[in-house]
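Both complexes below contain subunit A, partnered by subunit B and then by subunit C.
Right after this comes the complex of A and B.
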């Protein structure tokens, strides 16, 4: 899990605030025509939005308010499980404590000084706001002949070889050759470098991705 | 650059996630960052407070204007912390020529109003390029990062403002019962205490707390951008998996 800090969370918060404000103003325009009843409904709506807008969205499968979704965040329990009703209500009611002494002073200080970037509401509810890892689209691959590795590789080394194959077009040729030379052992080229070695190392990356000759 | 001695575990990150990494870096290096920062910031703050004799608004403006100079010390400490090295005041003093005075006039004039200052400062301060090469290098580093760097700068501006208001609100929270000061009394009247002392002191306290995080966030965005350009994360893994 990758805890999310002040930067993305501030903008997620501001975006949600703008959404709430837009709804409140939109309803106010309609409520004006309905007289006293309209005003009553409008006031109840403000109360519900202020306290339960985040709860309602956090309990959806995405675990995120619209603002959090835009910035790729979600709310989870400390152990990574989906957030529970009690925890979501707790962390959102305690936003009041984070607002103290004024303008979110406590929230700022705790989020900047805690290693897990929690505000007080998160501490009380044992929740965590994390960067949501989403699969990105299939990146375009260069045309390189796949080649089986000559030695067993750990998962992290396999991931690095795949990353090299995927990011090769965005690196300079010199840097690509330099990196490939470091991993030349995978194609039995240890100690050698050059364009041919690079193509063979990239070929191993393509092999790990499942391509076969 | 000795990638394998880097104390930061690299992987592809979005720019704003890199800013979070910077906050973590600053937390871990706090024991080096805050003493060194205090050594340069406190004299500046004292000098700035003295300027209140000239005009009420001057202390705040002086501190705001000199921030790039204060940031240089923070960035120096952080750039060493990224390689796991602590920094003492003596080491800072020995490096003063490079850290404090090199092209200071540029930092305090044309670069002062940059909206992505903490992202590009590492290029100016750490890469040591000639002025001609610097411009091209800065364009490369901030390519497609301008928007996120501006958001990040804005975050810390808002944070600073919120903390300023938060600190001033303590006046009202902690005042003895029945003697809660009114805002008018503090801002105007015979002795506008709030305008002369309250706002500058609260501003400096907020700057002192927030500025290291702002510099660290920009520095981490810079590291992230270089890691992306030069595939440092892949090098880190290859050096670990295929030792020479």
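Right after this comes the complex of A and C.
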């Protein structure tokens, strides 16, 4: 789980804000015809949207307001569990403190200074806004002849070669050649580059991945 | 072991876990309603193994997509296995029969301080303004003073509201939005080492006190006091309690005792959650009383005072007595 930074959270907030504004204006048009009772419903609705709009959506299985869902975010507890009622309520009431001194000043400062990018309400309620990662899947490996490395490789070199072999189908041929040239020593091609070198470096990557001729 | 061999070897276990998680509906209540036995032992075993595989895959720097797949798989399992089921009617009822009053008792010290921070400015300003009524202008402007006088004048159609407010219902909506908002602010501002709560408590106390002193001095006591007596039992108590919750989280930041500031803050916030639920309900009740009962002309002031006495007694008894038996396990 990766904590979400200021930018996606800001976009999500703005989108939610527009949604709320649209609902408030929509209901205002209808409430106009209902007199006092309509005004009451409208005022209560404003109150509910002000304080409890995020709570209602965060407690659904998706754990996200519509804005957060559009930008692929969700709210979870620090320990990765779904957000609890108490945590959702408190993190959203403390939004008032985050809003001060103006335009979410404290929220922006705390989010920018913390590694986990929490605002004050998140710190107090022990919640976290994370990217809701979707399945990435692995593109099918390229058809490359596996090649044993010419010398023993350190674990980090092995990891880099594996990563390169897996990412290869997503890279342009030129970029792939550039990257492979950096690792050319593993197939005794140090200093050289080109399509053949790339195939040999990828071949070593495939060998480490576990493919055998 | 190479990444491909690793994947080959444990593939089936991961797929089985994925299938198991797929058969479990995500919301807990729907799972309970389905009433299907969950192969819990198998699920737990597969989950534990998948966690081990994730740790291995990370330590051995296996391909990112493999780590990502295991990460999502274990996160899903974690959410389902460790999820606390807390939503329902019984937990909701328990908040009011036990959690709320017992949280208030447990934090009696903060409640006392908050009450003092609210009451002292109220009394001081009330007496000052009663003694010299032009002092009210140091709290509110002259046009607002005139509007207050009009709201509580003996000729007003309903007490305590301006002329443009058309109906009781409209005022109900207004009180909900305004009063609960003020109360939430009292709580949230406590995050600034309690100073914000002190400010909002003192400010609201001073404002109310000045208003009461001014209207009493202008001879409007006959409409003002019967108006506020009943609903203030819920409203003032709720604002003081929200301030007390704010002071509690502020105090946790100043003096975290044997915990880090963050741990102390998290604990204080979690412990004040029942108070927040409770005051929200109290303020809805207060808004209803204020809109439909307090403002009515047809109820005699004496009846309102009797009702007020009843409400104050009920509120105080509720916080002193309610849920004591369940707290200690015996009657006392």
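Going forward, the second predicted complex is superposed on the first by the 136 of 213 C-alpha atoms of A that agree within 3 Å, B and C clash if a C-alpha of one lies under 4 Å from a C-alpha of the other, contacts with A are read in each partner's own complex, and residues count from 1 in each chain.
Here is the rule we go by: contacts are C-beta pairs under 8 Å (C-beta built on N, C-alpha and C of every residue); 3 or more make two chains touch, one makes a residue touch a chain.
All of these numbers come straight from a predicted model, not from anything done at the bench.
> Between subunit B (first) and subunit C (second), which does A:208 come into contact with in this model arrangement: first, second, both, or neither?
second
> Which partner does A:80 contact after superposing on A: first (subunit B), second (subunit C), both, neither?
second
> Please work out whether A:103 is in contact with subunit B alone, subunit C alone, both, or neither, and reply first, second, both or neither.
After superposing on A, A:103 lies in contact with subunit B but is clear of subunit C.
> In the overlaid three-chain picture, which partner chain does A:133 touch, first (subunit B) or second (subunit C), both, or neither?
A:133 contacts subunit C only, not subunit B.
> On the A-aligned overlay, A:94 touches which partner chain: subunit B = first, subunit C = second, or both, or neither?
In the superposition, A:94 touches subunit C alone.
> After the superposition on A, what does A:163 contact: first (subunit B), second (subunit C), both or neither?
both
> If you tally the residues of subunit A touched by each partner, is the higher count for subunit B or for subunit C?
C
> Scan A:152 for contacts with subunit B and subunit C and give back first, second, both or neither.
neither
> Using the superposition described at the top, list the residues of subunit A that contact subunit B and also contact subunit C.
Touching subunit B in the first complex and subunit C in the second, residues 156, 159, 163 of subunit A appear in both lists.
> Can you tell me which positions in subunit A touch subunit B when the two form their complex?
Contact set of subunit A toward subunit B: 2-8, 10-11, 71-72, 101-105, 108-109, 112-113, 115, 117, 131, 153-154, 156-157, 159-160, 163-164, 167, 171, 175, 179, 182-185, 190.
> If we count contacts the way the header does, which residues on subunit C are in touch with subunit A in the complex?
2-6, 26-27, 60-66, 68-69, 71-72, 75, 78-79, 82-84, 86-87, 166-174, 176-177, 180-181, 184-185, 187-189, 191-192, 196, 249, 262, 265-266, 269-270, 272-273, 276-277
> Spell out the residues on subunit A that touch subunit C in their complex, using ranges where they run on.
Its residues touching subunit C are 1, 35-37, 39-44, 46-47, 50-51, 59, 61, 79-82, 84-87, 89-90, 93-97, 100, 120, 123-126, 133, 135-138, 155-156, 158-159, 162-163, 166, 208-211.
> Considering only the defined contacts, which subunit B positions touch subunit A in the complex?
Within the complex, subunit B contacts subunit A at residues 12, 14, 16-17, 19-20, 23-24, 27, 151-152, 155, 158-159, 161-163, 165-167, 169-170, 173, 209-210, 213, 217, 230-231, 233-235, 237-239, 241-242.
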